[in-house]
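This report refers to the structure that appears directly beneath it.
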Amino acid sequence: MDRGRLEAFSDGVFAVAITLLALSLAVAGPGHGSLAHLLAHRWPAFVAYVISFFTVGIIWVNHHALLSNVVAVDRVLLFLNLVLLLFVVMIPFSTGTVADYLSPGGFDARVAVALYGAVLAGMSVGFASMFEWSLHGGHTKVQLPRDQWWAARRRFAAGGLVYLVIIGLAFASAPVAFALSGVVALYYVFERTPAIRAATDSDSDLSGY
Amino acid sequence: MDRGRLEAFSDGVFAVAITLLALSLAVAGPGHGSLAHLLAHRWPAFVAYVISFFTVGIIWVNHHALLSNVVAVDRVLLFLNLVLLLFVVMIPFSTGTVADYLSPGGFDARVAVALYGAVLAGMSVGFASMFEWSLHGGHTKVQLPRDQWWAARRRFAAGGLVYLVIIGLAFASAPVAFALSGVVALYYVFERTPAIRAATDSDSDLSGY
Amino acid sequence: MDRGRLEAFSDGVFAVAITLLALSLAVAGPGHGSLAHLLAHRWPAFVAYVISFFTVGIIWVNHHALLSNVVAVDRVLLFLNLVLLLFVVMIPFSTGTVADYLSPGGFDARVAVALYGAVLAGMSVGFASMFEWSLHGGHTKVQLPRDQWWAARRRFAAGGLVYLVIIGLAFASAPVAFALSGVVALYYVFERTPAIRAATDSDSDLSGY
Amino acid sequence: MDRGRLEAFSDGVFAVAITLLALSLAVAGPGHGSLAHLLAHRWPAFVAYVISFFTVGIIWVNHHALLSNVVAVDRVLLFLNLVLLLFVVMIPFSTGTVADYLSPGGFDARVAVALYGAVLAGMSVGFASMFEWSLHGGHTKVQLPRDQWWAARRRFAAGGLVYLVIIGLAFASAPVAFALSGVVALYYVFERTPAIRAATDSDSDLSGY
């Protein structure tokens, strides 16, 4: 199976998911108080939108970097890719839930942020599985040297752990836990794992064609 | 007509349909009871989401395998492909209906699961028609040997029959019939028809370019 | 400007528009009467879905055939393509309006079907403009012979006229006018204009690469 | 990183965003007065739809022209592209808000149009940043001569300024400010910046392949 259509399908899913994020910005419409008040009251929706937008954007960039290094697509990768997308597609839902429930506060806000963290944790497991697959069986153009495997796995584990921390922290303070997911997104904008960097750099050598 | 744009359009439809599945996860919002309760109460929506997600994912994989073996696209294939997509696009609707009506139970739950099975049966007829088209007139790169045609048709018929069983079973027990559609999805994740396998394998020989 | 990205963008719009058609199938949910009754009552939504699905599918096929014959994309074609898509994107809206208002009948049903016809008439003008553009200035690989220009224009005018008839007829009988739009879709599934056929055939010569 | 997948993902986002614009056309459904009255009353939704459709269409054309001139995609461009898309994805939301609030008038209408202008101003900053990136470091196939840099920047600044004027003007007269955004869209349909023209022309030389 060729890589092209797997990328086209995944790009489509990422594109639709990132665009549906904005559905959670919609206000109730005339007859529900002043628009300025409605918009101000929905500030968590705007914050959630920006955090989720960059989170999905970063996964897309990393997904591209990983796939660009893949030689042959097999049934296992197709399945792992579906697992990743299963959680990506849930991000507009978890973002909308945070947008609706963060402001009222209380236990609902905590459940909403925990749900948000759980979806990102699932996504992180999906991506780590695809990365693990890429290490074995000559699946990639450029192999990550074997002595760097555990360092890379530790980084993926750390990333997944942060999302578990967000789930736990949500039950102490929903806003703090949610802010942490923003910090994670910001961190990943500027930082990549060495494995992803290796894949991207190997790819950039080919960028001239 | 070249295959590329048929694949691009179909990939787009599959990607949008699979992403819209998550719309049925949305909860009613603040003022309708505790979020934890709302989420727990909507467990059929989550089960339906996962089953439908992998069902659409598998159709996409098989659709790709079949098309990758096609030499020339004609008007008949375009029409059969539209028939397949007609049912694929209905899956978010039938999934949402099951998500809403399975939990209340009663006759409504049975109708919802029967509707779910009917959409999948329609999709299965659409795909079997595309497969039948691929057998004739030198439409494919790798021809399925003639002595395997009836074996392949029997497998497609069996697949379609399972969905008819789901429709009938729904009126005896909605949850059992719905669980069966999950078993079918799981089965297809691990198993492919020999015809699809042949197409995919012939394709994987070309995966190096 | 190269044709590839124009096709990719247009394919995306067609794919999203055709998938959003199914949104109009959604029923009101538990608490609004029996599901079987709700579904039966919404039969116009299912009829409208099928008619619009094949209508958009046919436009997509013809759009592909026309573009596959284009040598160079200019600013005028980009603009005409946007005009076509402006109406394609409105089809889920006009389909949803027919789905909601056909059954209650009365003047509302007539307005809904007239709106449905008006959107298709606009789309038909958009496509005829793209076709007219393709006749001039060496824009196409295979030129339609000059003596066939008026025959082709007459066919496009006839197509546009049918949609005007649907608008007018809607105010006499909404169901008859709507049924006529189904007949038109069915007609176009089996029949293409000679111009489109020429373009498709020239393209199929290249289908081997 | 290769340009192809960046374009495919961006095209997907543009295509979904432009198609979601039509969601704001939907009327309330039977039981909310006559359909003809509902449609007539929602004229701002139709005007907003057309203006936003061509605005997104033009950004897409310019985005394509700029990217077609890019040699190598780096992390900075990926990030700036995400910033641009962050605002593009908000356009269906701001369009829907104008569609709902322009007609009732008053302070809400002013806030809605100011919001509409603010989203377009953000989008304009995103695009200007991508253009600025393209000037430096040999990122492009055809370099804009250095003596034209400030002329191009002045044009981008003028474009951004118009959107700031729309925000300010909205608080004097919402309809006039909104009409101005229509004039801007119309202007850009017929006019391009020299930088974009250079990029497009260099590209059209390659359009034969």
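Chains here go by letter, A, B, C and D, matching the order in which they are written, and residues are numbered from 1 within each.
Please note the rule applied: contacts are C-beta pairs under 8 Å (C-beta built on N, C-alpha and C of every residue); 3 or more make two chains touch, one makes a residue touch a chain.
Computed from a predicted structure; not experimentally measured.
Q: Any idea what the CA-fit rotation angle from chain C to chain D is, to the nearest 5 degrees?
A: Superposing the C-alpha atoms of chain C on chain D needs a rotation of 90 degrees.
Q: Compare the CA centroid of chain D with every other chain's and tell me the farthest one.
A: B
Q: Report same or different for the chain A and chain D interface, where same means the shared residue numbers exceed half of all residue numbers found there.
A: different
Q: CA centre of chain A versus CA centre of chain D: separation in Å?
A: 26
Q: I'd like the Å distance between the centres of chain A and chain C, where a centre is the mean of that chain's Cα atoms.
A: Measuring from centre to centre gives 37 Å for this pair.
Q: Mind pulling the chain A residues that touch 2 or more other chains?
A: 8, 11-12, 15-16, 20
Q: Can you name the residues of chain D that touch chain A in the complex?
A: Touching chain A: residues 1-3, 5, 8-9, 11-13, 15-17, 20, 71-75, 78-79, 82, 85-86, 89-90, 92-93, 96-97, 100-101, 104, 107-108, 111-112, 115 of chain D.
Q: Of all residues in chain A, which touch chain D in the complex?
A: So the residues of chain A touching chain D come out as 7-8, 11-12, 14-16, 18-23, 25-27, 29-30, 34-36, 39, 49-50, 53-54, 57, 60-61, 64-65, 68, 189, 200, 203-204, 206-208.
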